[in-house]
Amino acid sequence: MQILLNDIIKDNKVHTKKGELADYIPELTKANPNALGICVYDLENNVYLAGDFNTKFTIQSVSKVIILTCALMDKGREIVFSKVGTEPSADPFNSIIKLETRHSHKPLNPFINAGAIVCTSLVNGNNANKKFRRVLDMIRIMADNPNIDINYHVFQSEKLTGNTNRAIAYYLKGANIIEEDVEDVLDAYFKLCSIEATVEDVAKMAAVIGNKGISPWSNEEIVPPNVCKVLMAIMMTCGLYNASGEFAVNVGFPAKSGVGGCIMSVVPNKMGIAVIGPALDDNGNSVAGLKVLESLSQKLELSMF
Amino acid sequence: MQILLNDIIKDNKVHTKKGELADYIPELTKANPNALGICVYDLENNVYLAGDFNTKFTIQSVSKVIILTCALMDKGREIVFSKVGTEPSADPFNSIIKLETRHSHKPLNPFINAGAIVCTSLVNGNNANKKFRRVLDMIRIMADNPNIDINYHVFQSEKLTGNTNRAIAYYLKGANIIEEDVEDVLDAYFKLCSIEATVEDVAKMAAVIGNKGISPWSNEEIVPPNVCKVLMAIMMTCGLYNASGEFAVNVGFPAKSGVGGCIMSVVPNKMGIAVIGPALDDNGNSVAGLKVLESLSQKLELSMF
Amino acid sequence: MQILLNDIIKDNKVHTKKGELADYIPELTKANPNALGICVYDLENNVYLAGDFNTKFTIQSVSKVIILTCALMDKGREIVFSKVGTEPSADPFNSIIKLETRHSHKPLNPFINAGAIVCTSLVNGNNANKKFRRVLDMIRIMADNPNIDINYHVFQSEKLTGNTNRAIAYYLKGANIIEEDVEDVLDAYFKLCSIEATVEDVAKMAAVIGNKGISPWSNEEIVPPNVCKVLMAIMMTCGLYNASGEFAVNVGFPAKSGVGGCIMSVVPNKMGIAVIGPALDDNGNSVAGLKVLESLSQKLELSMF
Amino acid sequence: MQILLNDIIKDNKVHTKKGELADYIPELTKANPNALGICVYDLENNVYLAGDFNTKFTIQSVSKVIILTCALMDKGREIVFSKVGTEPSADPFNSIIKLETRHSHKPLNPFINAGAIVCTSLVNGNNANKKFRRVLDMIRIMADNPNIDINYHVFQSEKLTGNTNRAIAYYLKGANIIEEDVEDVLDAYFKLCSIEATVEDVAKMAAVIGNKGISPWSNEEIVPPNVCKVLMAIMMTCGLYNASGEFAVNVGFPAKSGVGGCIMSVVPNKMGIAVIGPALDDNGNSVAGLKVLESLSQKLELSMF
């Protein structure tokens, strides 16, 4: 496995040149576009690391998986899916159009910004800080790492430049889908996008999801198995922005990407995988990260199809 | 003329039963849905009043005409139209869709909410209060009435329930079309929508516009003639929400309606007209007000076509 | 007047370089992009010609005005406007989107392709040829020129490449808005777009409309005055594709443009004007033609506002 | 298994009352809305039948799976996916909007009507009949039933009322995505939607796909394994119209539904399943069919997540 990972990283390094760093918030342009790292964490607690596995990155939209986890645990499936759908979207992740044109004004799914903002409003905690702590604590537990925290520069940058998200949140407030204070919800959401981690942290979170919610290292149930099923199903259909279908075809297991360049992947009952590669394609997914996962899926026959 | 107006009001009173009061802000539901009043102010300073001409109402979107007037006077045509278009829209007045789908993100015209919010940001004054005063002073001058002021209950109601407008404003901020502080701009905008007036006030403002910007009562130029041309052209193509084309066909002169039930109309080189009738049709226009204007246009052959 | 026109043509000739020939049908690319001609036909039967007034062109969307004329005369306002709206559109002239999203599926107005195709279906005549003859005859009468006919090369080219229009027509058939045979309606529509004329022909048609339907040369009523009012109102709000509002602001009278490079304009109670300039801007309007009309409107103070 | 299926059919029969027959083509309203049948065909060639398994139905959109199969086998992945995407859509199956708004005009995926029409154009055969035969032959082989044929009444009905599909096809022709004759392609497409089958036929086709393309009864490779992977991935993300995400969450394996009331399902490496229940929900999926599959998935733990 270790040799395979080393080879795959080496072979796909060239693809890091083909993408661009996210530039919608200034802080993200400071990342190293050529970094490429991977962690595989299997359910027997073997950890495999290759490439730039020490690179720290903000998890960005990968946090949407854990926000959804907490919303489902705190409010239950019925309430959550009364306010956000489970359907893939063909529009950009920050689009407002479907909010306006759909009769219910419900965001299509929890992995577009509108849906993640709604899920943040549903997480337990009656102010920004409590909501943030609720999700951060879950991340620390799922990654088995109490030192995970936010990058304040990125958070400030998100907050300053987050007007499209602010527009989305006020629209949802106007449509009575968000009941809590908008600025509180946004503050928590921006903080959660700014959480800093490594591929090992993210691979361990993925391993928990792929192990029906039981941590492989302590055998404790961290997340209810039914919640894990929902997470994997939505990752499969909506996890990679407008390339979710292509990823299902080419790679074939649940995943969630973020504009920080991380892709979290779950191979059910087998392993959690995380790759980091900050150079993105037009869809906002790590260019080289996608290639690495495609190679790995083919070599180890990991596709579920 | 007086007899004609009395007859038209009497004949069209029945149409007040066919509409509904605006209910998107609670305060507007307190209006009398059966009120129907008119004022004609001609360029020889004759004033004709009929029906419920004493009814006070908030001018709502009629303020967009004076906001545009001030923006054009303060910043000039080039700057204003670099940030807002002049094209009619077929979408609802509070739609965000076209902001997202059009390459430039520019609001289509100054009479949809997005466009009026941009124009408010362009009015002179570096805070909410100064912007508000700038436009209020112009309204007082154009109506020759220093007592015009805002209805604070309506203003509070607008502010509390204005989340869709807040969403629009933050979207425009995110797209760099609004440069000023969003909450300042919105505060001024909500106040301007809440200005209270009578049909006589509004008819006099319209008379100024129809007289190339010169007040008929003092013969002073209040608004530059070129600005008046722009106002009338945009009122003709965009003044009645999604019934602007129908109004051009059936009535045939420039006008601007508001959800308070007022329609301001200009018959170029002849007169200003204002009607009030708070019961609205599905497009947000005064049901009976439209009928009154249609009758008047036919009887006096006022259509420009 | 003659000197004025000569000067305006000369001064604006340079703008012909700034546009591009329509290329959506191959035949249109054979036009001379630098041609620029004008005809003014006033209500005292004075004809003024300047520039390349001999240039022949296909009238393209200018035919939509006469198709609407015939539909209104043959079926009446109520039936026509039950199947097509009167509202301006902010979408491209060949867009299908609003057909799908609006509850009624009615085309927004008679001057987008969908609306003109519906109007063609409403013109008297139970087959393609009869419908075509009905409108052609009206054009010949309104232009006082029995020799006007179609350009068969353009017609063949339109027919071969008209799949987007075919899509629109079948969509309308599926929505029960077109009742007649789709291929019949399209055949008539494509022929009518391919009618060849000169600026003098078009200026005379415009003069009839501006004279309340009475031909200035014979004093006969050719078009009912109420129909002319409707035509002018819709030309004012919808005549120049997505630049209708800008034209109202800058020029200020009813007009209809076509991708052949012609703009037909009506100055009510004064004159008909036609310009030809095949180089188009991004909206599909003659670049130099717009400039010529703007100059003429300013010099002679023709704006209705 | 047999007892389980009998119970599930019995328990879910009540749900057949909650839907409506498809009425967009008159022939479909003649089905029995209360029918409910199932076939499970496992990879050891065991066949389990329960409920109204003898009901014949037209496969409608289920044919899209086999049309895509043939297109991929005849033209290869690269050509097919240069003309149709792999992304889920949030719009109705017969929507034109995204064709117009997306830069490439490519249909989003092979399972919306636009995408299936494109795939039909890519199937081998230079006329309607040859294309139809190509896919029909594949269906007969995959179902191991040489007697499968079309229902001519349904075909005639589809053809007569298929104007929205005709609009879609001409739009795609105009955008150069369909190169073949539109009426030929549509004729083949309408015929393929009208193919009549039973749940046993469809379950066997699904079993082939779930067995990597090898027929369990003859051990021959009928479909290349790579094609099967693509089929399953796209069924997972796009198979149930606008309820694909919900199905992934609640049921969790690849499927494709049709408005005839059939749902074809594949449990990879385990079995093919087909249910028939003509009463549909608002998304166009069999109401009771969905419930049956949900029960079966839970009882046998068939979800892939």
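Here the chain labels run A, B, C and D in written order, and each chain numbers its own residues starting at 1.
Please note the rule applied: contacts are C-beta pairs under 8 Å (C-beta built on N, C-alpha and C of every residue); 3 or more make two chains touch, one makes a residue touch a chain.
In this text, all values refer to a predicted model and were calculated from it rather than measured experimentally.
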Which chains are shared contacts of chain A and chain B?
none
Same-residue or different-residue interface between chain C and chain D, half as cut-off:
same
From the C-alpha centres, identify the chain that is farthest from chain C.
A
Whole-Å distance, C-alpha centre of chain B to that of chain D, is 54
Per the centroid of Cα atoms for each chain, what is the distance between chain C and chain D, given in Å?
47
Could you tell me the distance, in whole angstrom, between the mean C-alpha positions of chain A and chain D?
32
Using the touch rule from the top of the page, what residues of chain D touch 2 or more other chains?
101
Linking chains that touch, what shape results: line, ring, star, complete or other?
ring
For this entry, which pairs of chains touch?
A-B, A-D, B-C, C-D
Could you pull out which chain C residues touch chain B in their complex?
85-91, 98, 108-109, 228-230, 232-234, 236-238, 242-246, 248-249, 252, 254, 268, 303-305
Chain A partner, complex, touching residues on chain B are 95-97, 100-101, 161-164, 166-171, 173-175, 182
